[in-house]
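Listed below are the structures to be examined.
The two complexes that follow have subunit A in common; it is paired with subunit B in the first and with subunit C in the second.
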Partner chain A sequence: MIWLNIISDFKLADKAIFIFSLILVITSYFYFWQTTPASYAIIKRPQHDALHISLDNVKKYDLQGAIGTSRVEVEHGKIRFVSSPCQNKLCIQHGWQHHHGSLTACLPNRISIQLASVNKTIVYDAINF
Partner chain B sequence: MSQHGLQIITNHQDRLIAGFAALAISIHLLESSVPSPVPGIKPGLANLVTLYVLIQHGWRLAVNVSLLRVLAGSLLLGSFLSPTFVLSLAGAIASLAIIGLAWLLPQKPIGPVGLAILAALAHMSAQIVTAYFLFIPHAALFTLLPILLTAALISGTLGGILVSRIITQTNVLIKHE
Partner chain C sequence: MMTLLAHTRRLPFLFFVIVLFNLTSCSKPVTEFNETVFTMGTLVEVTIVGEEDALSEQAYAAILNDFNYMHNTWHPWQRNALRRVNSLLRTGSPFTIAPMILPLIKQSQALAEQSHGLFNPSIGKLVQLWGFHQDNLDEIIDAPEDHEIQALLKDLPKMSDVKFKSLSMFGTNNNIHLDFGGFAKGVAVDKTIEHLQEFGIKNAIINAGGDLRAIGQHGDRPWRIGIRNPREEGIFASLETVGDESVFTSGDYERFFMVDDKRYHHIIDPRTGYPATQSRSVTVIHHEAAVADAAATALFIAGPEQWHEIAKSMGIKYVMLIAHNGDVHMNPAMAERIKFTAQPLIKLSKPL
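This part shows the complex of A and B:
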């Protein structure tokens, strides 16, 4: 049963390191899994410049896309697709988006909405070689 | 030096490095062929060789073995100078640095388990930070960090226990010789 006696492999400093690391790992969940609320949205459509809209008010926008008009709704810090001329309505089912960095899109209509926060910068998603 | 062909003079340390590096490379290759549920989570068995060499033969040898493992492993897998290689190298350097510092402490209070945990966490953190600055500069990358650190803590602890037992067993063998 020597394999079950795990504690004997830990020196005093090892136990201290283990407990300290465990606290560190648990803290990392709280630290890295908190979200920043978004303050504005960047909307991209075909043949238009990117449109920045504030999320502070309650408003609806009609956006001209590749195959028709999509309607998006803004309400106190969140945004969602209300209607879109696409077939599967995935953009509508994706629902409300609240957080900095979130992204929702209607691919058939080629409209994307990226959420951002004024005091945070958005850079590239990924770089590959 | 003979006149017919090149002869490389090796000493005991060189042969130790070569042997342990070969072992680490073999484990590295075997490990890379095992599928992982989440990219970035590996048992890290190849690094246990580094840890064993550190404890039994010192830090300089461990650095040699670890860096040779990263270089030769990447050449054999075809990932030399690719992002995978850069991440692997960053992880190796970070863990070598932290276990090197921990090994400098007077009277060496930290055992294999503590060293393995430190190495695993340093390895993982360095890889994520490198990935963030070089390849994926998006804050969403850090949402992975808690999961990866949890995996590193588990694999580091288990690996450390393994190394601790291997060292006990080999020291018994060495004594009997």
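This part shows the complex of A and C:
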């Protein structure tokens, strides 16, 4: 009840400042806390330098790993393994990855894909699984 | 009341000032060092913030050596110190304590006892029977026969079967085979974090295949950890670490093989000899990575009925267990720290 009394005592300008601040808090929560879409991927594989690829296009890449060739597919901001010589196909089951900070890998083939964003504002610093 | 109301017109301005202070604190840039490497049979990601690149690179090179040394020494199925210990334990005769293995044995004995035997790294033979001792599960073509499992269960070793006398150790069960598995990963994370701290590094994460220990924070905000959904793509929940904490998850999706469309995963219940069936995943937060690692395994096996009792016994304060039917179980303290991307139905336990 005391809060109702306080708010009813506000003048128009007070209410405007209050609402503006509230909107600022809510939008900044989403801005700073929600996941950022990735804009590029960093691919690491044995005996090769890290490969940076843009996620803006539609393209398939064949990557030579430790036990064979893994195929990854890029499509408008997301990336996934579509084939790999490993038995469990866990890398394929991870499906599309599109958030900044996501990490997916084919361990038997020793190929990892880490997603990153040019406009890195909001992150998970690490992914637990 | 009138005095209070007289001051209320200042409140919006005060609120606005507080908001501005908070927003300006969000944007301070920090230097970040990030490297990923294959070691300990998994992908290890090292993140260091707020340090000069030269120091970060020097520290990273040092812990990479640590990881490789520990992997080579503690791998249960390679020609190394642990293999020698395993073969000598089975003879029953005393032999000189192996100093590089001793801390691992001592710590896992304590944790095995606290977990009422659910965490049991002495069942390497059972792990081998299932084929999970191999780095690559491609070669497994079938599950073991039930009579083979029952034969091992008849005289299943326990960690307490490793005895110490003066500077010697010996085994009292000739089925014993120490396989520290993921626990070695937890110990390795602890050791390498300690090594980073010796370099003076205060803010870092070591993430070994999805299990991590975080110290300090990222600039002026806490480390933010996303927890992957055990069944679907994407992030299921998130949390912030406080100070120095480890976040470990054991799940049935990590290592498994399929036979006739049936999935057999790597977390073996020492009571039945078969992969544990009551949980999809268990996430534990604890200061020490090794303890979090052992607890995540034990609580996964314990399942929804028994996890609370075992967590209490192991001194774990934060647990989230996703049961085989998708129910989410957790203690109230964990519920206060976890933010879900889509709010599931949560079964809150009594406090731990």
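Rule of thumb we're sticking to: the second predicted complex is superposed on the first by the 87 of 129 C-alpha atoms of A that agree within 3 Å, B and C clash if a C-alpha of one lies under 4 Å from a C-alpha of the other, contacts with A are read in each partner's own complex, and residues count from 1 in each chain.
The rule we apply is simple: a contact is a pair of C-beta atoms (placed from the backbone, for glycine too) under 8 Å apart; a residue touches a chain by one contact, two chains touch by 3 or more.
No experiment lies behind these values; they were computed from the predicted model shown.
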Which of subunit B and subunit C A:110 touches, first, second, both or neither: second
Partner chain in contact with A:25 - subunit B first, subunit C second, else both or neither: both
Superposition-derived comparison: subunit B or subunit C, residues of subunit A touched: C
Partner chain in contact with A:14 - subunit B first, subunit C second, else both or neither: both
On subunit A, positions contacted by subunit B and by subunit C: 6, 9-11, 14, 17-18, 21, 24-25, 28, 32, 101, 123-129
Interfacial residue positions of subunit A with respect to subunit B in the complex: 6, 9-14, 16-18, 21-22, 24-25, 28-29, 32-33, 100-101, 120, 123-129
Residue ranges of subunit A in contact with subunit C within the complex: 2, 5-6, 9-11, 14-15, 17-18, 20-21, 24-25, 28, 32, 35, 44, 86-88, 90, 94-97, 99, 101, 103, 105, 107-108, 110, 112, 114, 123-129
For the subunit C and subunit A complex, residues of the former touching the latter: 1, 4-5, 8-9, 11-13, 15-16, 19, 22-23, 26, 36, 38, 41-43, 45, 47, 135-138, 205, 207, 210-212, 214, 218, 223-228, 230, 233-235, 238, 247-249, 251, 253-258, 283
Residue ranges of subunit B in contact with subunit A within the complex: 82-83, 109-114, 117-118, 121, 134-140, 142-143, 145-146, 149-150, 153, 156-157, 160-161, 164-165
